[in-house]
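Take a look at this one; I'll ask things after.
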Amino acid sequence: MKFHFFQDALNMIADAGREIIDKRRGHDALGVPYDMRHLCEDLLSQKGEALGVALAREVVTTYAGLNGEARRGFFLMLRDEFGPDQAALDGAIQAYQNGGGQNALMHLSQAVESRRRALIRRINMAPGGTAAILSMREDLLRYLKTDPLLKPVDSDFAYLLSAWFNRGFLSLECVDWQTPAHILEKLIEYEAVHEIDGWDDLRRRLAQDRRCYAFFHPALPDEPLIFVEVALVKGMAGSIQDLLSTTPSAESVRQADTAIFYSISNCQKGLTGISFGNFLIKQVVEELRSDLPQLKTFATLSPIPGFGNWLKKRREQEDYEDYGLDPEIGEKLAPLDNPGWLIDEEMSNALKAPLESLCATYFLKEKRKDLPADPVARFHLGNGAQLARINFRGDTSEKGLKQSAGLLVNYLYDLKKIEAHHEAYAADATIAATKAVKQLVG
Amino acid sequence: MKFHFFQDALNMIADAGREIIDKRRGHDALGVPYDMRHLCEDLLSQKGEALGVALAREVVTTYAGLNGEARRGFFLMLRDEFGPDQAALDGAIQAYQNGGGQNALMHLSQAVESRRRALIRRINMAPGGTAAILSMREDLLRYLKTDPLLKPVDSDFAYLLSAWFNRGFLSLECVDWQTPAHILEKLIEYEAVHEIDGWDDLRRRLAQDRRCYAFFHPALPDEPLIFVEVALVKGMAGSIQDLLSTTPSAESVRQADTAIFYSISNCQKGLTGISFGNFLIKQVVEELRSDLPQLKTFATLSPIPGFGNWLKKRREQEDYEDYGLDPEIGEKLAPLDNPGWLIDEEMSNALKAPLESLCATYFLKEKRKDLPADPVARFHLGNGAQLARINFRGDTSEKGLKQSAGLLVNYLYDLKKIEAHHEAYAADATIAATKAVKQLVG
Amino acid sequence: MKFHFFQDALNMIADAGREIIDKRRGHDALGVPYDMRHLCEDLLSQKGEALGVALAREVVTTYAGLNGEARRGFFLMLRDEFGPDQAALDGAIQAYQNGGGQNALMHLSQAVESRRRALIRRINMAPGGTAAILSMREDLLRYLKTDPLLKPVDSDFAYLLSAWFNRGFLSLECVDWQTPAHILEKLIEYEAVHEIDGWDDLRRRLAQDRRCYAFFHPALPDEPLIFVEVALVKGMAGSIQDLLSTTPSAESVRQADTAIFYSISNCQKGLTGISFGNFLIKQVVEELRSDLPQLKTFATLSPIPGFGNWLKKRREQEDYEDYGLDPEIGEKLAPLDNPGWLIDEEMSNALKAPLESLCATYFLKEKRKDLPADPVARFHLGNGAQLARINFRGDTSEKGLKQSAGLLVNYLYDLKKIEAHHEAYAADATIAATKAVKQLVG
Amino acid sequence: MKFHFFQDALNMIADAGREIIDKRRGHDALGVPYDMRHLCEDLLSQKGEALGVALAREVVTTYAGLNGEARRGFFLMLRDEFGPDQAALDGAIQAYQNGGGQNALMHLSQAVESRRRALIRRINMAPGGTAAILSMREDLLRYLKTDPLLKPVDSDFAYLLSAWFNRGFLSLECVDWQTPAHILEKLIEYEAVHEIDGWDDLRRRLAQDRRCYAFFHPALPDEPLIFVEVALVKGMAGSIQDLLSTTPSAESVRQADTAIFYSISNCQKGLTGISFGNFLIKQVVEELRSDLPQLKTFATLSPIPGFGNWLKKRREQEDYEDYGLDPEIGEKLAPLDNPGWLIDEEMSNALKAPLESLCATYFLKEKRKDLPADPVARFHLGNGAQLARINFRGDTSEKGLKQSAGLLVNYLYDLKKIEAHHEAYAADATIAATKAVKQLVG
């Protein structure tokens, strides 16, 4: 059974109701325009839903026509006027506190439910409703940065999106050169780690020695939610520039024993905070194991977004000893200030040991609330991966040099150890790292 | 983009985790078996979700292996042990009562959320998780009949299912003779109004002068949620036996000006209380209008499930006058007791007027909480349809005679009047009925 | 890329031309009706093909409206008036005989081409043209039985159909319970060996321990050309009634080591003489080997259509000695005349040895033009299969008893020996048979 | 039913036979290598086809490994050794000449059939066989240019390809931005009229005010055979640079009343001489009429490939009077030699009248064998189109200036007049042209 989301039929239903809505616009007894407030109230009140789809679409298109200030106003209205019924809530609290037991709890749970949630659920009935709601939340998250009072509104959006984008509803799709162009162009648009430089570059990333997988949700069939790019190689890859520049060949596919996850990109800002990455990696590992049994190793080639700034601070503060490092390491880093170090073999060689040592120290000793300071490290270690190798000159692009002095790192997903690593990390933030990495620490 | 729900990959992921789960079974320090309680607690606790899919599948398969008593025990456990954190809830109530405003409300809303909901969300990650949850709720609804204490548990199931089966996620599909057999056989299984008597009967109901539409949800691609059977005819149809026995012809399709919705069947008991019927009818009307512009009238041919019993009671109590009826109507009904009335033209003719009069009276005067007593009437009138015609001898099957003395009724969906009818009905339970029906009333 | 055969667009093109064709009907200067002769001549003459599709459809629909006699007349017309241009042909022969070499040969080959072939090619442009041509040939083959003069016409039909249905254009499809119903019902219709008794029987033949494969041609997407039914069993199956009556189970699938091809049915009478069976069996063997590596043996369970009559003749003529059989075998067959032998164990046991011996003799000694007399044997032995086992009481249905005294036979497809067997058979009609079968011979 | 051409299964079948083929390579009794000659003879001889697919694939891969000279040798071998059986042919001729009638004709037709045809038919059984045969013919056509003796071989290739690519087997597909990328890149590769400059240009040509349609054959699902690019515009378009540079808008789509076919490209060199263009245009016109009823005019914007050279010759020979032109026109053309005429308004204006006059003269007076000299004109006029308008500065690209002094022409497809035009053209080469064009003639 293939699924068509009958947007046409939905639009026809909406059109059928439009006339009535249009008539109302002029007819408000108090001379009040038929605005978002009225639309939302009517959408909620339609018990019989005679006009549900029409009203939902009207909310969506009206919202789309609002300017920034008006959109913010819409969210403030949701906060102030579409919360729960206070009297009912107070009654439910009282009944609960009077020892009402499980039933009172249930009623309390129902009474505390804001009218916003019901409203968002009904907006989802509009043609393209889910995409519209994601877009609303994208705006909302922006306003939230300066206006924390909108937090309760976002809390309801996030609650429903989290229920709807339950991973049981996602489908994993293999994206390749046979994929429709309108989806492929989204990879170019959304790639967040190593920019895709046009269609030729994209094609190379979909060649026979590469794989790309994405999660999709049935209500957004043309929009990847998150995708991962994988390179099939022989042995652990340590250099992104080598990885991206090799020419694909049937030979290299035959010899591949390792899958390198070199880029993971989230696509939907409206889904911020609703995480799929962990699940994606594990499902892709299983897909690859089943398709290509010769693969023995599954690892990432990952950026170290926090290392560059941390390194800069160390060099400014010269507090190497606080990290157990030899204070003379500062001098050894001097060549870094010479932009030519990358092409000067001697300088480059001199930098390798101190940079690797500092990087291992950063991973294993620098903490935020007892956890590793690096956000990418927190993600993979939290998934049960192991910090496997630090790669000097792993990313010599301008971005890579700035972000992490050109270093990249491999996180190893060893299926047999994932749970043990995960549990140790969850219990007391133990960082799984190879001996090789540990020995680099100062 | 077509969607595969990668059950295979999910099962592989689950298999990868199984070994660890199996090991645990024997290893519980307290000698407690690794039972549903432990499984559910672990499934909830896996913050990093290292074993999420494996544990979710284990919950599903363990549940499937439980007997009735143990299943009931599982739901009681959900009630007693997977509610909200009481201390946190009490704290949140206090903060709210101390004037915490919107943020306190938000925290209260989060604190009151039962752990059951999170658990059900995680069970949905299992391969086939959505179907398993529907099946759990089907059991739960059965237990609920005798054990109302389970109501809070059902409330959480219903809450999540209602969010997941939001109509914005449903797709309308046309079911015909080109549809895969494993879906067609479900029509035979689920048809609830006029039984489908095998494949030949099914084929006739999918012939060129018929249409069948169903709602599907992407997570249950092989399971219709609800379906409606439509006959394309000339003029309003009043007899289901005539409708089902005519031979299809291209001629009759060309002449058709009316679509008769003669059967609507819900398929999933686990979705009881989550209604799609109203939306289905309206979407199908739009589909048909677009495909077949010659159709002018859209109406049902519906059973009157409450009329038979009501009639019996009237005849027992002889309280015709209370309904404004001539008390002599009782005698006129006497032929009903003669099983031969159906084939005796004279008796049959004599019954027509009194039965129609009583039926109209039943519809327009018999109420439950101010609404029409008949459940089918409440559904269609609530949708904005109009009671259009009462059909004597509309269903002369044994079931039809027993249920409603052989009468059927047409509800008319007049798109221009749906909202007005709906609003009048919602405001003060005004029943939209044609003059012809009103005149039949005693 | 999925393929739509845009019948709608073709019909629109045809409609656009129809007006012109209709006008012509009345306008023929000589008062001759615009009949098939004119239509065919015009269809051939349209060099620019301005009306090609319209004329082709007209030929198809006009043909469909003809009665039997007129259809026969159409084919006679094709024979007499749509051959090659005689003068051109005679000239080409002369040029060839004058030593024109390769070029003259080429021109001769072009000159001998009948105008019928070009006509059939153009008819194929009509919407549904391929199906119409198959249907024409089905008629033609019927007329051919009594009218051998139509042979040259059939020769051209067969030539083009053979080119179009080249096996490189066929696709093998797995037919199962997920297949659309309108295709499944064709299996019921076309099954030629062991009748399918309705949808329940069909469903059993598509259960988990069965497979069904069919060849399709892209121009006839709803019509199987030939299909084979396969049972997955443990050990060689010898009884069709056992095979069809067992209940499917996951267990039996797991234990299966043998694929039994128990029914092969051609579906299109219009493709008579264009053989796909050999290729189908081999492709299905490869599919099964790849899907289910545990399968070790691939064999048929086949009828022996010629044995019953042969046996009857032997019993009448009592010429057993001519076949090297003990003349007393005749008496041992006496219980055959007692209809109760099937349920009388003693009689049944007594018949086993003589029937098997006669059957082996029939296979190995009875010849038509040096080849085995049995047509099914000629097919499988010609494919390189081996006569593996004779099964007493293999088919105890009325048909089976009449056709072959209840015997069935297994032909073994041993991939390693297929070519050797085939070559030996092609060289000197050597029949590959197991020792067990050979030892049964009189 | 979707179609998979089970290349995998075919390859498995071929693999199964490979061992035997490999063995043969070494075993040839005479020490002759198992070369193309042997392979082809064996492929033809396999009556039972035990190794058909394996041998066919071997022929294909062996051919692919041959160098140019060896490939030519292969075709010469096909010419000399795979013709018809001469003795049988001579016998059949004699029987025919002896008055054998229809049956003798039929036998002659069979006897003249070269063994090449049977061979090509069998090669088509290989995985990817059809594509391989197209590729062989592409080579063959190249050799044919210098070696006309290969004509009889090509004649057989063309005969079979023409039967296989019968237009009844082609499907028309709409190509748009939802089309898989590996097909879209072929548009870039094959576009023959107005080069597509990368993916951004392609995307613009598939925008909402454009349409692109292609013919596909089921055996080559990833390869368009021919495609046409259409622009939806208001009024007849005269300038390709304007057409390609406008920005698409919903507004322009709404206002469009004209479909301009501005580029038609054949994609498969191996199908040279097997024409689809006429049929493609007509089917696309019907598709567009059905999808977009507001379209009233269907016309091309076409190059005039022969005009540039013809003009050059006129200017050299100054034979204007022979064409009925004023001899002074030569001087008026002088600005053409000034490369700046395009940007000098005065010069440009001065050239308009003489160029249009010469162009109309070229179309209407210059003939090859009584037909218009221009090949594109012959194609469209032969289809029944009308020469509608000559566009000065229609194509100011370097190519356009060289090919036709920057002129383009519109051919109008007026469905009501197509047949009349076609017939007049077929009868006596009457050129359908508008009054406006006729009046330009000298």
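By letter and in written order, the chains are A, B, C and D; residue numbering begins at 1 in each of them.
One rule holds for everything that comes next: a contact is a pair of C-beta atoms (placed from the backbone, for glycine too) under 8 Å apart; a residue touches a chain by one contact, two chains touch by 3 or more.
Keep in mind the model is a prediction, meaning the values are calculated, not measured.
Peer 1: When you check each chain against chain A and chain D, which touch both of them?
Peer 2: In this structure, no chain contacts chain D and also chain A.
Peer 1: Moving only to chains each one touches, count the minimum steps from chain A until you reach chain C.
Peer 2: Tracing touching chains, the least step count from chain A to chain C comes to 2.
Peer 1: How many angstrom lie between the CA centroids of chain B and chain C, rounded to a whole number?
Peer 2: Each chain reduced to its C-alpha mean, chain B and chain C end up 49 Å apart.
Peer 1: How far is the middle of chain C from the middle of chain D, if each middle is the mean of its Cα atoms, in Å?
Peer 2: So the centroids are 37 Å from each other.
Peer 1: For chain B and chain D, what's the span in angstrom between their mean Cα positions?
Peer 2: About 58 Å separates the centre of chain B from that of chain D.
Peer 1: What are the residues of chain C that contact at least two other chains?
Peer 2: Where chain C meets two or more other chains at a single residue, that happens at 180.
Peer 1: Chain contact graph: line, ring, star, complete or other?
Peer 2: Drawn as a graph, the chains make one closed cycle, so a ring.
Peer 1: Which residues of chain C touch chain B in their complex?
Peer 2: 177-182, 184, 198-199, 203
Peer 1: Within their complex, state which residues of chain B touch chain A.
Peer 2: Going through chain B, the ones touching chain A are 1-6, 8-10, 12-13, 16-17, 20, 47-53, 79, 83-84, 93, 96-97, 102-103, 105-106, 108-110, 112-114, 121, 124-126, 129-130, 149, 151-152, 155, 160, 163-164, 166-169, 171-173, 179-180, 183, 216, 218-219, 221-222, 278-279, 282-283, 286-287, 289-290, 382-384, 415, 418-419, 422-423, 425-426.
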